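Labels for the chains are A, B, C, D, E and F, by order of writing; each one numbers its residues from 1.
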Amino acid sequence: MGGIVVQNIDRASAEVIDGLARCGVATVHEAQGRTGLLASYLRPIYPGARIAGSAVTISAPPGDNWMVHVAIEQLRPGDILLLAPTSPCEDGYFGDLLATSAQARGCRGLVIDAGVRDVRDLAEMQFPVWSKAIFAQGTVKNTLGSVNVPVVCAGAAVQPGDVIVADDDGVCVVPRGAAEAVLAAALAREANEGAKRATLASGVLGLDMYKMRERLEQEGLKYV
Amino acid sequence: MGGIVVQNIDRASAEVIDGLARCGVATVHEAQGRTGLLASYLRPIYPGARIAGSAVTISAPPGDNWMVHVAIEQLRPGDILLLAPTSPCEDGYFGDLLATSAQARGCRGLVIDAGVRDVRDLAEMQFPVWSKAIFAQGTVKNTLGSVNVPVVCAGAAVQPGDVIVADDDGVCVVPRGAAEAVLAAALAREANEGAKRATLASGVLGLDMYKMRERLEQEGLKYV
Amino acid sequence: MGGIVVQNIDRASAEVIDGLARCGVATVHEAQGRTGLLASYLRPIYPGARIAGSAVTISAPPGDNWMVHVAIEQLRPGDILLLAPTSPCEDGYFGDLLATSAQARGCRGLVIDAGVRDVRDLAEMQFPVWSKAIFAQGTVKNTLGSVNVPVVCAGAAVQPGDVIVADDDGVCVVPRGAAEAVLAAALAREANEGAKRATLASGVLGLDMYKMRERLEQEGLKYV
Amino acid sequence: MGGIVVQNIDRASAEVIDGLARCGVATVHEAQGRTGLLASYLRPIYPGARIAGSAVTISAPPGDNWMVHVAIEQLRPGDILLLAPTSPCEDGYFGDLLATSAQARGCRGLVIDAGVRDVRDLAEMQFPVWSKAIFAQGTVKNTLGSVNVPVVCAGAAVQPGDVIVADDDGVCVVPRGAAEAVLAAALAREANEGAKRATLASGVLGLDMYKMRERLEQEGLKYV
Amino acid sequence: MGGIVVQNIDRASAEVIDGLARCGVATVHEAQGRTGLLASYLRPIYPGARIAGSAVTISAPPGDNWMVHVAIEQLRPGDILLLAPTSPCEDGYFGDLLATSAQARGCRGLVIDAGVRDVRDLAEMQFPVWSKAIFAQGTVKNTLGSVNVPVVCAGAAVQPGDVIVADDDGVCVVPRGAAEAVLAAALAREANEGAKRATLASGVLGLDMYKMRERLEQEGLKYV
Amino acid sequence: MGGIVVQNIDRASAEVIDGLARCGVATVHEAQGRTGLLASYLRPIYPGARIAGSAVTISAPPGDNWMVHVAIEQLRPGDILLLAPTSPCEDGYFGDLLATSAQARGCRGLVIDAGVRDVRDLAEMQFPVWSKAIFAQGTVKNTLGSVNVPVVCAGAAVQPGDVIVADDDGVCVVPRGAAEAVLAAALAREANEGAKRATLASGVLGLDMYKMRERLEQEGLKYV
């Protein structure tokens, strides 16, 4: 029932992580074969942030944020805190004091399958959070959880050190070992998208650009 | 099970459509007898847009956006795409490439009882979307649906060519044949509202302005 | 089944109310022993508002906003309208006309466990609303409810005259009789938070600042 | 805003209706091209009922069951009451007294996109109901709605006189004009299913019975 | 933040409580003016139970069932445990061991705005539970709550010693001081219902029995 | 994007699996440190089933059940099918024909984070299913998924060959490698529970049996 802190985790290279941030969630998700998305109910507390970082994971009991303090010590610059409660909970595990502490250690943001509070302060600090709820409900510090263990967060399996990418579209996890290849695929996809966008903007239809008409006819589509 | 594209649909006049856009959802909904609202879970991806247009409807299988490409060919300037999945789904059927193509054909926006992605790009393009979810989940192009057939979208029955009005309050459908009369009623209502607003702003109570006191007393309201 | 309007309710002092507004929801909630939060599904229609005021409560039937008109007459400057339907409902009980009337009487905002409409107008008027839904659905004026009676709103028990505090974190109710003591506790907490924030910003860990290491070890936390 | 009762509606033949009841929801839904299902949140109040009947539709305001009384007069033996509130509501519009009255007129059951109460009595009476909620919340009789007008109920468009089929799988609507053809397709499907069931029960795989292996290989399925 | 156990609470008389149980939730709710219902998401773990008893209330932290043990000591024969978590939670606070202990003290059942487990055992023991979820998730015993304090449970305010009535329709709370009068009103209502039921069963319409036709005509109902 | 079938997976021993079934979900979940529960929204289609088996996992696109046919070939006697859609979906992937085929291969049941249909037939066949929805919505067979790959199902990470335990309390996954140890812990717990149950049934309080009084006093619990 918890009680473990893994201190040394492997991380992807900073270049790869930053590259994934620039690509964004939708592109990265496509580039790794349409896998890795966290549930759509995770929403950013303010629009416009686009980040990536290495996951420092927290498995926490419902309504108990003790392990957040423990996890902050494990943060390195460029990391992202990712918290999964052991059962569904929307309490406000995290607010401006914890954000101040995390930001002092170079943390880029928080992904939490629960609640967050002090959101006006967090927006002013430019500390981005993707959460299930905005809820001021306080938590206690009475029961152990674990830090840097595998978790399931908002429906996605996350290992400590995996790369988390988050923007206005939501949150995606990239397995650490696959990060470099996914970045390559994402960049290729992006290059490709620029040309497609220009073609479509000129009025060419996707039906023609993707040569879909023949297959639609074969499948039996009828124009009436 | 789908497979039909209706190519020629009737549309309301541009003047009526634009008039309805200016009135907005709440007024139009009242003007047509409190009918036609789509469910409140459809939310705009960014605030401030207020549009109206003729519905080009899409009935699409869950997780399959093939028919969006087919529908874009059917768009005329001033139209709005409206997608209803054949069963509940929140996948991201639509992103910036499709928006680029739709916008190139004069499309004013998208109403989708499912998910959308690339929302930062869509906001920058000023392509408004009202959706059930923001979700980067990719879709396939394997199964036929239909275009310009009657659908039920977010709880409202929509015929192709009906007028869709959408703003920060949500989305409302006006049957094409009723659009002119609804606009007239909406404009009358608006004129009326200006006077009411001024009266209320001056401190006159609704109780007096609407002469409610007598009926409240008859019903038995007690002041203690 | 309703039908009562209580005309004279006690209110907390304006200084206490305004002090609570400055402290904000999260601090006030902590200061009164982590009680009084309304459910997290109540969300502000626009970001940035932070208000407090005395609750003028409304118990209204589903889809019937007659009592809102009755309640507006009971408003005094600095009050907040708080509406709880007698069964779950998301209809748009309130829009710009009612807001104009309420604002003319000095009302600071609305908390409603139901829907609201005309939200663009309300934002322009700077009339803040915390609601369960944004929904243009119209209501009728056919059935009595009550004004200034005890209600349960979004999971919290509210007495007329209680202090409502609302900001981007949500909504909290402070019992009128406790308001002064809660303000004192909140101010003490705030003073305390400034020092904590500075310490954490300097890089000191919460583990050390709160002296948690010993207790974590006692509980059996293992670093591996 | 309501206020209409259509007295003479067309119905499908009793033989067709009873045939559809015997086929059940899943088969009928498939037989009409996978259309017509009401949302899965409509659940039977007790298991085992399987009925079909002609829809007598009710459009009712939230929390107001006046029109149920009006609709009961329009019932003929073999009919099914189908109620759609004009906005989302889970109040208990219907209980044992109304069921007694409806049953006295030959009504086979109720489909309601809202709540029902007295469910123990209804089960004892063998009056089946498919509802969104079981909720004792009372309703009023103050505002008109309509009877036998087109409605959208739990996401499906229903015309008065359409055939409603309901069983433990949920509820399906069959357009009156299509009922005979759908029954023929459903019966063909059922005949077909008996043979398939026997084959599968003998251990033959669907992969072989449906000859799927070649297409799976073409699509690139890899066995490892 | 909790930490109180009130040991002596007043209860309604056993005769009144048992009378309310016989009337059932829907009748009692009507008899007290359509107030007091708990939310419809509270469902019985097995059908057919109909109980009433005095509420021994528990305010418990999320995921912590320590106070259930404390509350059981406060039970007297005929009581009902009623648990409200301090923030939304669906953990399984209660299972067959606690039920054994509660039943040994004469407890009639549990109403819990959270989860329950061991439901097969509970059904065999005939220990009825109305809960928000069935969920085996374990809880801890680390944080204090309170027993026999006022709570809001599933949207209804409950005082310790209030009468709880629960059956297949859900759960209703009757304020202790009103219990006798509510019982009288409920019995009157029941007597009345028998006659109405017989009349309706004979085929007389509610429209005639309740003399609704004139008022419907006045309101403008049109038969077409 | 799918397209893999792993043919040889390791399974726990039949004795261990059957032992876990006898212990049931709540006990197994406790015995492995309160981990492994699937979300509470997975409910059995009929009460009373209690099974365990080795997971044959299916990752399937929304609305496409092609892979179920592929997975059935991989079943061995004693297995359980476990399906996770690649994005949220409640379509009816599975009905009586597939159950007939699965049962012919010795399959003990289905756990599906989506919908199921033909539930009356499935109950008669005694083929238990734990599902998110009962929904007759048909699916297609157009897009590949994978069989016997790791999945996240209803919030829990499942490897092919893990032991699935399911009963009226829900569903729990036990990692294959831990199954023997978890069974031992579960049996120890059960033995222990028998004694506890007898003690509690005799009227001894948990407060005394677990010796909680001293710690409660230390924490500051006050009896008033």
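Heads up, the rule we're going with is that a residue touches a chain if its C-beta (ideal position, glycine included) is under 8 Å from a C-beta of that chain, and two chains touch if they have at least 3 such contacts.
Note that the coordinates shown come from a computational prediction; the quantities given were computed from them, not determined experimentally.
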| item | value |
| --- | --- |
| Numbering shared by both copies at the subunit F-subunit B contact, with half separating same from different | same |
| Superposing rotation of subunit B relative to subunit E, computed on C-alpha atoms, to nearest 5° | 180 |
| Inter-centroid spacing, subunit E versus subunit A (mean Cα positions, whole Å) | 42 |
| Length of the line joining the C-alpha centres of subunit D and subunit E, rounded to whole Å | 31 |
| Overlap residues in subunit E, where contacts from two or more other chains coincide | 34, 37, 86-88, 90, 135, 137 |
| Topology of the chain contact graph, where touching chains are joined (line, ring, star, complete, other) | other |
| Every chain pair in contact, whichever chains are involved | A-B, A-C, A-E, A-F, B-C, B-D, B-F, C-D, C-E, D-E, D-F, E-F |
| Subunit C residues touching subunit B - in the complex, by the definition given at the top | 3-7, 46, 66, 69-70, 72-73, 90, 92, 95-98, 100-101, 103-105, 115, 117-120, 123, 133-138, 141, 144 |
| List of subunit F residues in touch with subunit A within their complex | 1, 33-35, 37, 39, 86-88, 150, 152, 155-157 |
| Parts of subunit C lying in touch with subunit A, wherever the complex brings them together | 24-26, 29-30, 34, 37, 40, 43, 47-48, 50, 167-170, 172, 193, 196-197, 200-203, 205-207, 210, 212, 216, 219-224 |
| Interface residues, subunit C side, partner subunit D - complex | 61-64, 86-91, 135, 137, 140, 142-143 |
